[in-house]
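Next come the structures, one after another.
Each of the two complexes below includes chain A, the first together with chain B, the second together with chain C.
On to the complex of A and B.
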């Protein structure tokens, strides 16, 4: 493993935020910065663009990113290594079961069955993969803005 | 403690921060703690984050420390190593002291390593030391000393090959 140790990969963990760039996703890295006078750690956010050609990461996913040996472009400095906790689809690392906040999904299903499952209730097994309503009703993958100028061109992401 | 407002302001004293025992190994780049804000079995993790997280970040300024709340039903700590390995530490129903001691044993540098590092740092601080791990590699770099014989040769009366050469 000597060669692996020689290639120092600076890893960071961050949350995916909306990004309009193609082939890249923007990540928010939460760091703690010490205030010298109060001696207290405050949160400081850094934004990093990581290379993601297939756009695997959706807004809200917690992702592990790795620094590239050479920058791909002026802004794209990292690449996506692995999605640690996808939004809404977190797996408990000890049991391997799917989780929703503090409960296991099979536990919730059992409770629902005992009380009577609603037909309109969300079914994890039958629900389509995340992103099927993108550009139709789901605009969380881009930064939307209030339309400030009407120039005749199509502005799909203006509110 | 003047100007010490807030909940448990002793956490904000330099003495408390310097007294941190956990110095993470060099290989670790990310230290992530997952816990819930409710639940008795998460209390130890919550207390650990409240009391000891500033100490850990103070002793390891280059490690990214992240906290994730209310993701999974059981609390855990995940350490991400340089070579891609991940270490998962279960902290379910443990007290903050137990978690801290366990972390020092598993992912912290040992006391011997810390002692050796302290000595190495002292050696580096002393400007009278030369060589590896010091500021200057050789005394020839200092203005006023004999220049490096590799760059400008010494006068013949100082060179062994001339002193010892038989006429």
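On to the complex of A and C.
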């Protein structure tokens, strides 16, 4: 029932989840579904595939997706319009400043300078863009699985 | 009555002899061998994601409490030796190692509580305890400590990933940790389930193989088909001219096909050269 409602609307906001498809990304659409017996709303997630040939959506991004006039395939019904909130790169909408958890980045920087900044600390200007550790040390962009078979080969996505 | 019952009982066995399909207890003919992966303890580095172990600490170094001691600088050689790590407990070695780990990521000299410093501290402790576990595998307190530390570190890595992705990746690189999220659904490793998955992989491979061979076959036939197409187009163009009908096939169409054929043949020659 929720899926029918989701497919009806033209634009949706969803969270990108790991997906192996090469030209599309998978999105989790959060909906609230009314339970008629309890008269309460419960969370219900739907999954939608959106056309994304460059794979610019990364896992965890909040993305605005738009319905295609015609289905591209049996699964791909939407296309990516805009990445609204990239994961791990929060900007405060009021001040336009970057935020880490509960603090502004420039405030953190001022504290570091007051104590005497060290070159060992993390530097935003030198840091490469997100994704340079993919498949090397960061495996959060794929769906991991419990290892079920020993075939002598290296299985990087098994836990 | 008994006769009827016995005849009813006989029916299924007769049917199975006739070759009807059995859904239950079905055994596949495919020769897929399943080897169950050996269980790895949760605190082992393979599971915890530690790509590096604790190295041997230089024994001529001083423990943390004597690190900046001015009296030791001018002291006698024997005193220096006695105060070095050589005559201290293992825990002092670990403290020095933890401090080294934190030094790699410190924001400022007083930094002890930042996210990266804490994760570095736990990483040092984890790697030290992992060595302890190899030496004393029945040390239950260390085991519990270690497991809790690993889980705490994973939890905070998860938070850091959400807050500041680039710092998270930088930290993984600096501390040599591999971060793998927990699978979204828990599935017990079973013989039946594993064989189902392996059969699926086998079938997918068979389909892909057949598709590939068919593709190759079609590609080999392509030049021949294009030559035939050129001949047919030329013949039709000539016929249209001869009959005085409107000429619908232009020279451009034929040239296009010829160009395509040329490119194809060139590619083929290149491939053959590469193979040699």
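Following the convention adopted for this analysis, the second predicted complex is superposed on the first by the 135 of 159 C-alpha atoms of A that agree within 3 Å, B and C clash if a C-alpha of one lies under 4 Å from a C-alpha of the other, contacts with A are read in each partner's own complex, and residues count from 1 in each chain.
The definition used in the following text is that a residue touches a chain if its C-beta (ideal position, glycine included) is under 8 Å from a C-beta of that chain, and two chains touch if they have at least 3 such contacts.
The structure presented is a predicted model; accordingly, all values stated were derived computationally and were not measured.
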Simultaneous placement of chain C and chain B on chain A, clash or fit: fit
Partner, of chain C and chain B, that touches more residues belonging to chain A: C
Contacts of A:149 with chain B and chain C, given as first, second, both or neither: second
First, second, both or neither for A:90, with chain B first and chain C second: both
Partner chain in contact with A:101 - chain B first, chain C second, else both or neither: both
First (chain B), second (chain C), both or neither touched by A:62: first
Chain B versus chain C as contact partner of A:32, first or second or both or neither: first
Chain B versus chain C as contact partner of A:138, first or second or both or neither: second
Contacts of A:116 with chain B and chain C, given as first, second, both or neither: second
Minimum distance between Cα atoms of chain B and chain C in the superposition (Å): 8
Set intersection of chain A contacts, chain C complex versus chain B complex: 90, 101
Chain C partner contacts - residues on chain A that touch it in the complex: 60, 86-90, 100-101, 108, 111-112, 115-118, 120-122, 124, 127-130, 132-133, 137-140, 143-151, 157, 159
Residue numbers on chain B that touch chain A, as the complex places them: 12-14, 17, 29-30, 32, 36, 38-39, 53-54, 57-58, 61, 64-66, 68, 70-74, 76, 78, 80, 82-84, 88, 90
Complex interface listing, chain A residues touching chain B: 1, 4-5, 8-13, 29-32, 34, 38-41, 62, 64, 81, 85, 90, 92-94, 99, 101-104
Interface residues, chain C side, partner chain A - complex: 34-38, 47, 51, 103-111, 116, 159, 161-173, 176-184, 186-187, 189, 193-194, 197-198
